[in-house]
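Chain naming follows the written order as A, B, C and D, and within any one chain the residues start at number 1.
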Amino acid sequence: MNLSIVLILPLLLAGLVLLPATRRMGMLLAPWAALPGLAFSLVAPDAYTLDIPWLLLGSRFGLDETGRLFLFFTALLWLTAGLYAHSYLAKDPRRHIFIAFFLATLSGNLGVCLAMDAASFYLTFAVMTFAAYGLVVHEGDAEARRAGRVYLIMAVLGEALLIAGLLLLAGAAQTHFLPEMARAAAMEMPNLAYALLFLGFGVKAGVPLLHMWLPLAHPVAPTPASAVLSGAMIKAGLLGWLRFLPLGEATVPALGAVILGLGLFAAFFGVVAGLVQRQPKTLLAYSSISQMGLMTLAVGAGLLLPKAWSLLLPAIGLYSLHHGLAKGALFLGVGVAQRFGRNGWVMAGLLLPALALAGAPFTSGALAKTQLKAALAGLPTPWPELLAWTLPLAAVGTGMLMVRFLLLTPSGGKQDDGIGLLPPWLVVLTAVAALAWMQADDSTVVAVLSGSGLVSAAWPMLVVALLAYAAWWRGWRGPAIPPGDVLVWLERAAATLRRVSLPYSFRSKRVFPAALVYISRICHLEKILCNWPLVGGLWLFVLVALACALLLVAHSPTV
Amino acid sequence: MFDPIPWLILSPLIWATLAFVHGPGQGGRLPVAGLILQLALAAMLAQQIVAGGVRVYAVGGWGAPLGIDLMADGLSAVMLLLTQTVALPLVFYARAYFAGHANSLRYFWPLTGYLLAAMNALFLSADVFNIYVTLELLGLAAVGLVALAGGAGPITAAMRYLLAALLGSGAYLLGVALLYGVYGSVSLAALIPLIAADAPAVVSLAAALMLLGLMLKTALFPFHIWLPPAHGGAPAPVSALLSALVIKASFYLILRLWFDLFEPITSVAAAQLLGALGAAAILWGSFLALRQTHLKMLVAYSTVAQIGYLFLLFPLATGVSAEVAASAWQGGVLQVVAHGLAKAAMFAAVGAMIIATGRDEISGIAGVAARLPLTLFTFALAGVTIMGLPPSGGFAAKWLLLGAAQASGQWWWIVVMVVGGLLSAAYIFKVLRQAFLPVEETANFKLLPRMLEWPVLLLALASLVLGLGGGEVLSLLGAT
Amino acid sequence: MSLNETLPLLVLVSSLLPGLIIFTLPEERRGLRNLFNMVGATLKLLLIFYILRGVMLGEEYIFRHTILPGLDLVFKADALAMLFVTLSAALWFLTTLYAIGYMEGSPHRSRFFGFFSLCVTATMGVAMAGNLFTFFVFYELLTLSTYPLVVHRGTEQAMRAGQVYLSYTLGGGALLLIGTVWLYGLAGQVEFTQGGMLAALGPEYTGQLQVIFFLLIAGLGVKAALVPLHGWLPLAMVAPAPVSALLHAVAVVKAGAFGIVRVVYDVYGVEFAQSLHLLMPLAVMASVTIIWGSLCALFQDDLKRRLAYSTISQVSYIALGVAIFGPMATIGGMVHLVHQGIMKITLFFCAGNYAETLGIHKISEMDGVGRRMPWTTAAFTIGAFGMIGLPPLAGFISKWYLGLGALEAQMPWVIAVLLASSLLNAAYFLPVLYRVWFQPRTEAWPGEHIPMQNGRETAWLLLVPPLVTAVATVLVGLFAASAMSPLNWVKLIADREYLYWLP
Amino acid sequence: MNAALVYALTGTALFVLGVAGLILQPHLLRKILAFNIMGSGIFLVMVGLAQRAGTPDPVPQAMVLTGIVVAIAATALALALARQLLDMSGEMRLPEEKSGKDRLDV
């Protein structure tokens, strides 16, 4: 299996879909576009690399352990989302446009997992980012357009930060090939580059203050798109960090601490802001911010503690797998619930990933959290103490969020045309239930299944149940935070600013009109010059002058 | 060996007289034949000079001091070639121009013939008095040509021109008288060593008189006021001849006097004075050209400005190293040639436009770009030389002058030349811009005969090619 | 004259001759005119490919003609020249095709195509000039031959634009002339030599050389539209679209930028220029231009005007690359010469298509045009993305090398400039893209000249050139590392300019 | 002071007079006359200065003769032009000098 098929096939299919002549065939094949990627993640040999020296600045694609894991769950999510979309958009007259963007985004996202040099990473990342704009604005209403605008501005900002960071990194490392690049750069410690890269990828990963687009864009996209946005693409930012930051190579104390702190903040902020949302998909988006916060935290820990990285990396991998699949299943479930109403089986289907996210016993969440906690153990003070009580608290928060989500799940009218949505959803649900167990360390599995593990996973659930009951009993709904939180306040400030400052207009001004009039008066001199006596006088004057000039030299003593 | 020198003077005399005898409006074919012959003669002379150095011819075998000597060196040959080269296409042009205007044509051919004869004789003269005679003849013929069109305007212009010419040649002749009084000779060859040996004060006075007289005839600022009405009012072929050649004749004499005859007594101060006048001419002429509303007046003022460039030669070639002086001298002569070709083309092209549109105002030529592309192209090509843009002869000349100014550290002339170039671009494009404006389909354009367009184009092209083949001219110029 | 001497001349003649013939053709001889145009363009391309191969094999193509003693007209097809020559010839070919379609039925086509060919001849001369004098000659010829194209429409607006254009370019030419003369006075014939030729002058000339550098750059900066010498460019966009394309992408601005490259590398020598402290001011000037151009572009509603300001900004990348000392930046700057050309010509072609097909001139009229003209709009999108500098498009490659070069030269602030420029580019291009693709159409087109036929959005001749250049934009970026790419060619040049530098 | 110098000085005085007349007199006839006076002055200088050791030099004589011929031709042309101007504009003056006083107005 050639790697190029993985990336090019979706693009080719996008072309087929766009051309009217081949649209039917394209649409038929489109849902399966991620299949080669999935297959490749399974069959590719270990430490696979492919150098393409003529491409871009000289490209390298490859698959290491991390890449393989990311490629696997990314492809899986895209595959199911693609199949889901086929049925979900069956009645949409503009679905071919959606599918085209979908396929392009897919290609970019898979490419991110495979790219092993800075240029192709940036390329695939950009393809993914910009193609996803089409997914965000597909609905075309005012809300979607606003979300699209915010998404685009943030994305462009992110791309700019990224290219600057990559340039600085490449300048320090003198190569742009991974993994040598990260390693070589770690010797130089280009702190600015790391900061820029953190922020650049942070836009995608929903780091607080860079997250504003996320709660706007994820919900307005059509459901299959939301699933991949929140499940897979958000992880591309994480993968970027893993690829370019000097994780396991060097200690970057200041940045590490900041990242760790931001991650922790995000974990709680996502919960708080999510709890007061009215839309289930918005809530899920905030939940993603919260969950990504935990992974960010782990990355920060890796910067603080390079020797723990060998433990942290698999933990982060497991967590991404778990969160990607669970979040994907939840989003897809929202769509299912819209079509089928709040059936018992629908709710059961939603409950599984919800529990998993909350970290209930026997779920992938429990595995992921346990492994993460174990990996974080070696941090310097005060982090272990802080994390010891904050992480369970975050788990409680996530649990509350999930309860609220289940309550918000729409009870749409029954429609029978959604039958095609079910198989892909079921596939994801199965994956949520099973795959994490295969990925997790043996020790983690043992720990989760041990008694203390079960207890530590179960007590937050109990707390959640109590709190939820209390809240329901009191009928508490909480204050409203508009989706996009900080952004809304920023927009208000900007509007005020616009009113205050006058628009600057570029207008040419006539400079020195008076001077022109004056110049035209000079022409009058020519008439005066026409006077014979004047010319004659001038002539005599010049005659005398010339004669003097000639005489002076001819009769000066020096000559 | 056949000697072309006397025939260069005789040929135009002969055909002019024949044309006069032939009667008004007739005899257009003779000048064509005559000029082709003259061109061949001039080329032949140039070749002889390149091969064998300076040529001297004693008229009637008398020789100086009683007889008249004719002499031709590189500079003369260049001027002779220029004269015939400009005149030949203009003859074709004039035949087409005057077709149907028998009245104006009455004395055109005879006067042109005498004009050319006087000019050729002037370039070949070897003594200062003979030069006076040819100069006066040239002036009278030129005045006659200006008056050709009739009407109050041209007659006034002719009168003014005549008075200026007479004053100029009077001053020149007084200078000649003083020179003769001091040295007892008028022959250039005899005078040069004498002046170098000893030059009393009165020689300087004579030099000033002669130079000033010639400047008046060359229309150097501020003595230019006779020129625009004279050149702007005459029929186009006449304007072309006058602007391209006649003023160059007196400039040629200034060159001769300054660099040959009075070389020992020239001073940097005097040269700077001439340069200053030249600079003033460039700026003033260009500026006024920009303000003109009539085509031919614009071109005439452009001549005023271009004369200024010629005079920059003096400060650049006086009191500096031989190398710089040579470069400036070459640049000056090249400018004479380039301007001669280009200005003839420009006046002729403008004349063609005026015939086609029936109007002389610049505002009247809208649509020329569409209807008379060839003529406008000609105008533009000539304009390239006038502006001193590459690859024209004007550019080569400007390059040499600029180089000389740079090498001698006289940066102020650089500023003047560059600003002058920009101003000339401004007035040239003022015309071009107007020509590109659209015009209604109904606008009445006269169809132009081919002879009003193609010969002129050749002239303009020649001015352009000069930029690429300037080396040939310079090698002829340097022949001794 | 040997073949190697004649070839550079033939390259010039292959557009000069058709141009002159076309002038004389009557307006209605359409077929013949197109034939001459295309034969000339094709022939030129073939010649250039032959020379390219030769240059790669180390052949020398030099033509020399002495105009005046100590003043030669020299055409030399060295690697740098061929970079520009190939770009111009290829884009000329496309632009001619486009122009044939665009000018269909409009008046004065003979004149238009005649000057068009002259303009390209002048560009070729600029590219192949072997010394400063020759460069100057063709630089001025370029001014003259483009003027009729700028005022071609003959409207009051066009006339004004032409006037402004002339006053700027002729003024610049005058400064260039002074600088050239001065330099000739100091150093004799200023041949373009790799590594420069002025370092041999003694230290007593430092002051003069600095002044001359300033004069030359000021002269060249007018055409390269360096702020504050850029005023003519936004006005000149009133010209017909093929002219704008040529002006902005191939001929005029490039001639200026190319001149800066030549002056810094082949006249002064980059190391010598650095030692005279000349590069830093140039870098600052270029940076200011980059930002200022982008800022101005933000406020334009006229599509072509916005593109014009974008050109101002983008062309200065070249100057910036030149001004940063180091091979990486050199590569970035010079490769942008090609890349900017391809991208900008795509954009102008598309702008022309909108105007010609639907009568759209303003950005505010572009709502939903992507549905009506998907191919054109796709090409436009690629061009715009390229300008922003997204991979795998051409602009990314330039930016990458520029950035690396800035780091190499210890000038990290340049990265900030690049960053700001990218953001601004995004800010003025993305709203356009949003309009064309996602904003629904609510009203009729301003003036639909070319109706939709069999699913073809506009005339073939209008559609193919932008598509070709758009594809080229992708290809030169995507395959930048391959042997045949402009990047590789530029690396070859940079190798020779930095003699000490071994890859 | 010898006779030659007297001639020369007189000639110079005549020349200056002539030039002044040519420049200052607006009437064309006066201008033409002034030109002739100027010419006479030059001829006087020429003949006067050229006397060497008392023997007349034939060359300046010849030159003066030639000069007189030229001057006559010029005067004729000037008179013809002046007449034409009078016919056309009714004035014996150049237009730019209309304001000047003139007693010889015809």
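Criterion: a contact is a pair of C-beta atoms (placed from the backbone, for glycine too) under 8 Å apart; a residue touches a chain by one contact, two chains touch by 3 or more.
Just so you know, these numbers come straight off a predicted model, no measurement behind them.
Of the two chain pairs examined here, B-C and A-B, it is B-C that is joined by more C-beta pairs in contact. Chain C has the C-alpha centroid lying closest to the overall centroid of all protein C-alpha atoms shown. For subunit B, the chain with the farthest CA centroid is A.
Between subunit B and subunit C the centroid-to-centroid distance comes to 42 Å (mean Cα coordinates, whole Å).
Rounded to whole angstrom, the centroid-to-centroid distance between subunit A and subunit B, based on C-alpha atoms, equals 77 Å. In this assembly, the C-alpha centroid of subunit A lies 99 Å from the C-alpha centroid of subunit D. Distance between chain centres (mean CA atoms), subunit A to subunit C: 36 Å.
In subunit D, the residues touching two or more other chains are 19, 22-23, 94. Residue positions of subunit A touching 2 or more other chains, listed in rising order: 530, 532, 535-536, 539. Multi-chain contact residues of subunit C (touching two or more other chains) are absent.
Pairwise chain contacts present here: A-B, A-C, A-D, B-C, B-D [touch as defined]. Residues 18, 20, 53-59, 119-120, 122-123, 126, 130, 134, 137, 140, 145, 148-149, 152, 156-157, 159-161, 163-164, 167-168, 170-172, 192, 504-506 of subunit A are the ones touching subunit C in the complex. Considering their complex, residues 330, 369-370, 373, 377, 380, 384, 387, 389-391, 395-396, 398-400, 402-403, 406-407, 414, 418-419, 421-422, 425-426, 429, 432-433, 436-438, 467-471, 474 of subunit B touch subunit C. On the subunit A side of its complex with subunit D, the touching residues are 527, 530-533, 535-537, 539-540. Contact residues on subunit B toward subunit A in their complex (touch as defined above): 163, 167, 171, 199, 201, 203-205, 207-209, 211-212, 215-216, 222-223, 225, 262, 264-270, 273-274, 277, 287-288, 291. Residues of subunit C touching subunit B in their complex: 23, 65-69, 71, 73, 107-108, 110-111, 133, 136-138, 140-141, 143-144, 147-148, 151-152, 154-155, 159, 162-163, 166-167, 170-171, 173-175, 177-178, 181-182, 184-185.
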